[in-house]
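See the structures that follow.
Common to both upcoming complexes is chain A, partnered first by chain B, then by chain C.
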Partner chain A sequence: MEKETAIFTRELTRIFERGGEKIRALDNVNIEVPEGIIYGLLGPNGAGKTTLIRILATLLLPSSGFAYVGGYDVVREPDKVRSVINLVSGGERAGYGILTVKENLWFYSQLYGLGIREGWEKIEQLAELLDMKDFLNVRLNRISTGMAQKYSLARGLLNDPDILFLDEPTLGLDVGAARAIRKIIKAWVHQNQNKTILLTTHYMAEAEELCDLISIIHEGRIIATGSPTELKHRVSKEVIYKIEVKNISEEDMGGLKKEEAGIVGLSTSYDAYSNVLSIRLVMDTSDVSHIIRYIEKLNGRIISISKVEPTLEDVFLKLVGVGLSEY
Partner chain B sequence: MNTRQYIYRGFKAALGRSYVRIKGGNREISWLLWEVILPLLMIASVVYTYRSMNAPSEFIGFVILGGAMMSFWFNVLWGMGSTLYWEKEKGNLEVLLASGAPLYGLLLGMALGGMFNTAVRAASVIIIGVYIFEASFNPATLPVAIIIFFLAMAALYSLGLSLASIYLMYSRSGWRASELLSEPIMFISGMYYPLSVFPIALQVVASAFPLAIGLDGIRRSLIYGETFGSLAVHMILLVVMAIILLRIGLWALEYMENKAKKEGRLILRWM
Partner chain C sequence: MDVENYLRKIYAIMWFSWQELSNWTKPHIFIAYLMVRPIFGLLLYAYIYIAFAVTSGLVDPQRAFYLITGIAFYNFIGNGIYGVVWIIHEEREHYNILKYTYISFPKLRDYLLARSIVYYIIGIGLSIVVLLIGLPLVGYNPLLLKPNVPLLIFIFLIGFVWSAFLSIVMSGSSLFSSEFGPLISEAFGGLLFLLGNVLFPITSLPEWLQPAAYALPMMDWMELARFSINPAYPIDPVNTTIILVIKTLVYVIIGIGFFALADKLARDRGLLETSLYH
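Up next, the complex of A and B:
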């Protein structure tokens, strides 16, 4: 296997058994992540993102297939894999509540095998990089979610990994905190050579903003891979409409016969405050007159119709038929 | 990982974890109640019972040493044994495993940090006990007693490795089992009286347990003034036990990790 490939999987499959029932969490997954990029796994809840990360981080065995991380086999050389990776999950706060952020980080530095003094120095450096000096001496059980995520990220960078796994890194953060985290992630990959990040997310915009390469994963299968631009190109032949309607429910819209109506994908979101249903349509024709008639027949009141630029959401809509947010 | 790295990373992990244990363990003052006042009360109740029965005066020394050693045992049983379980509950275990640091090191740190904390407390139990209850010890044989003490601690640590894996794998029932076991263990390890008061059969059973041998050796040296020669069997037994238990313990950790990776649950908090 070539040196420039950071992560590489072949026919990777993982089956869980729960109450006699078999769940195919990963189904013949093939990915190839070149060194030096941010790679995104985008998919709804239960798609298999965390399962894939756990296998790559040597915390779970595959049922079949194989995976290499940093050139090492995750099943046969877990120690070598562990020496070049780190793993951070959104919402985690691994450590000891009674100790301060700084003390916790030092504990981890020793776990990663850093020298005694080297550990303290590395913490100072990271505190600078992540802008966390003002809460270094606060106990871990007293910091906010946003601070905790920075702390976790600092822990993830302590051993200077070549490959960093981030599982939903902005989960549960407010807009400002999420932006700060994204900025750090980007800077780390772009300012260092040959550092690779594999992150999972179910936020389209996040994937689009951060990732050089994205795989869309659904029900354990990779259904598309490409750069954000390439992926959006997949809906370049389609026309995307956004329609806002009142007096109509999401179920009503579900009654539309998709094949007949030229609909490739349809997603709805209802805003209870304004009582407006937003419909996103990926169409293989620009003619929507029959859809307007359908809505009017149900006494829906159309507020606006507009053609919009495609996003990754529409790619997902086209590939899966329903929206990502509907999971 | 080659052997050198395995040992180096293990000791780094032990350093880190004992730092956490010592810092965290002393930050909250409740230990004073649990680890000094309660043992002293326990000792007091036994001492007064013995006095009222006109038991030989050296029994008082026995009880004080037993009480002090018992806190080391609780340290292994509750502190070290429950480590992996609690790390899992706090959501740390995955991160700890992925770090590549060997788990034996983490548990060693837990044991050493705990023993450091406990040593200070056990010493205060002994000093206060000696002062209040007027027990007397033979200082000349202190070196032998100390060697036996450390050998006993090594054997207990090795036992703790297996306990930690067992607690993790059978968390609830593991807890219950150790709760059930703690009384018989106090009984069989002769916390309140010399082992020699037991019938032979029970003495043999007791000697399979490192704490009992350690405690017996320490008492013989400190109270009866026995030296290296007559305590050699105790020491050899403890060394053999430590080695066998260490092998079993390391195997148990490996078994536990493999099981976790296969089943995909064990190390996850919410599973």
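Up next, the complex of A and C:
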């Protein structure tokens, strides 16, 4: 295997059994992550993102197939894999609650074999990078969700991993905190050479903003891979519409005959506050008359129709037929 | 791996264990908390002994020595075992850190052993305190003891080894179910108490139970522990030591093998994290 490939999988498959039923959480996954980039796994709930990360981080064995991380086999050389990786999961507070943030971090710095002084220095340095000086001495069970996520990230950076796995790093954070985390992630990869991040997310915008390469994963399968621009190019022949209507429910729209209307993909979101249903359409024609007639027949009131620029959401819509947020 | 680096890791793990054990309260409350169980246990058995001595008129210093040393030394093993088996459960279910420990320390097994050291050190303290309070209580003068310090150190070291590896087996099982590990640790704790020459010699057990006692290192360990503070205690120390060392080796091998298997199965089933699926 060439040295420049940070992560590499071949026909990676994982089957879970639950109540006699077999679930293919990963189905012949092939990915190749070059060194020095942020690679995104984008997919809805249950797509298999966490399962893939768990296998790559040596927490779970695959059912079949191969995976190499930093050139090491995750099944046969887990110790070597562990020496070059770290893992951060979003939305959790992993640590001993009545120790301070700093003490929890120190413990891990020691497990990673940093010297006692070296450990404290590393923590200072990370506190600077992550802007967490003002809560270093606060007990872990007293800090906010945003702070907890910074703490987790600091723990993930303690051993200077070559490859960092981030599972939904902004899960449950407010806009400001999420932005701060994204900024740190970007800075870390771009300021250090040859550091690689594999991150999972189900936020389109996050994937688009952060990732150099993205794989869209759905029901355990990788259904598309490319840079955000390349992926969006996949809908360059289609026309994207956004229609806002009142007096129509999401179920009503389900009755629409998609093929007749020229619809490749359709997603809806309802805002209860304004009572407006937003419909996003990926069309293989620019003619929306069929759809307008359908809405009017149901006594819906159209507020606006606009052509919009494609996003990754539309790529997903085209590939899967329904929206990412509809899971 | 260089030794200094490894020792530093062990130190940090012991520090963490200590914090987790003691950090939730003030020192004097913590000490009281530690002492309550062993002291009440002691008082109960000492009372039974005294009541028996008074009603029957039989005062037997040998018997008194046997009883108190059994109760005292049991604390070392018991405290160690109970300490180890909860670690997996706590780190996985309460602190959510088991997966991070797993990927940051070379072997989970060695991590657990290091985590247990503090419990054993406390166990030594409890053994000594119970001994020093218990013996006068039953009319045995502690000044009559002649502790053989090197032997005593050996006793604590080898006691740590066999019982920690026995606990490793239980910890391995607790990977599969959070209730199961602590349950079998209770069972084993009880078994060692019953079949370990603690309150009465195993020869007074029903015959069908005796093989189980012989399979455990506790009986030899306890006899040697008594001998280590009282050279007049009638056993064959060389023989007992040899048997104890052999049994310990067997338990170490079982512990290593069993845990390696449990580790692999846990990784196969994805049991290192708290999850909604198990």
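Assume the second predicted complex is superposed on the first by the 327 of 327 C-alpha atoms of A that agree within 3 Å, B and C clash if a C-alpha of one lies under 4 Å from a C-alpha of the other, contacts with A are read in each partner's own complex, and residues count from 1 in each chain.
In this text, contacts are C-beta pairs under 8 Å (C-beta built on N, C-alpha and C of every residue); 3 or more make two chains touch, one makes a residue touch a chain.
Everything numeric here is computed off the predicted structure, so don't read it as measured data.
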Next on the checklist: Once both complexes are superposed via chain A, do chain B and chain C end up clashing or fitting?
Outcome noted: clash
Item to check | Touching partner for A:F16 - first (chain B), second (chain C), both, neither | outcome: both
Next on the checklist: A:A57 in the overlay: touching chain B, chain C, both, or neither? Say first, second, both or neither.
Outcome noted: both
Next on the checklist: Contact-wise, after the overlay, does A:P44 reach chain B, chain C, both or neither (first, second, both, neither)?
Outcome noted: neither
Checklist outcome for this item: Overlap of the chain B and chain C interfaces on chain A comprises residues 16, 54, 57-61, 79, 82, 85-87, 92-96, 98-99, 103, 106-108, 110-113, 116, 155, 159
Checklist outcome for this item: Listed in rising order, chain A residues that touch chain B in their complex are 14, 16, 51, 54, 57-61, 79, 82-83, 85-87, 92-96, 98-99, 103-104, 106-114, 116, 155, 159
Next on the checklist: Considering only the defined contacts, which chain B positions touch chain A in the complex?
Outcome noted: 1, 8-9, 12-13, 15-17, 19-20, 23-24, 27-28, 90-92, 94-101, 106, 260-262, 264, 267
Checklist entry - In the complex of these two chains, what residues of chain C are touching chain A? => result 5, 8-9, 11-13, 15-16, 19-20, 23-24, 95-97, 99-106, 264, 267-268, 270, 272-273, 277
Next on the checklist: With touch defined as at the start, can you tell me which chain A residues reach chain C in the complex?
Outcome noted: 16, 18, 54, 57-61, 79, 82, 85-87, 92-99, 103, 106-108, 110-113, 115-116, 155, 159
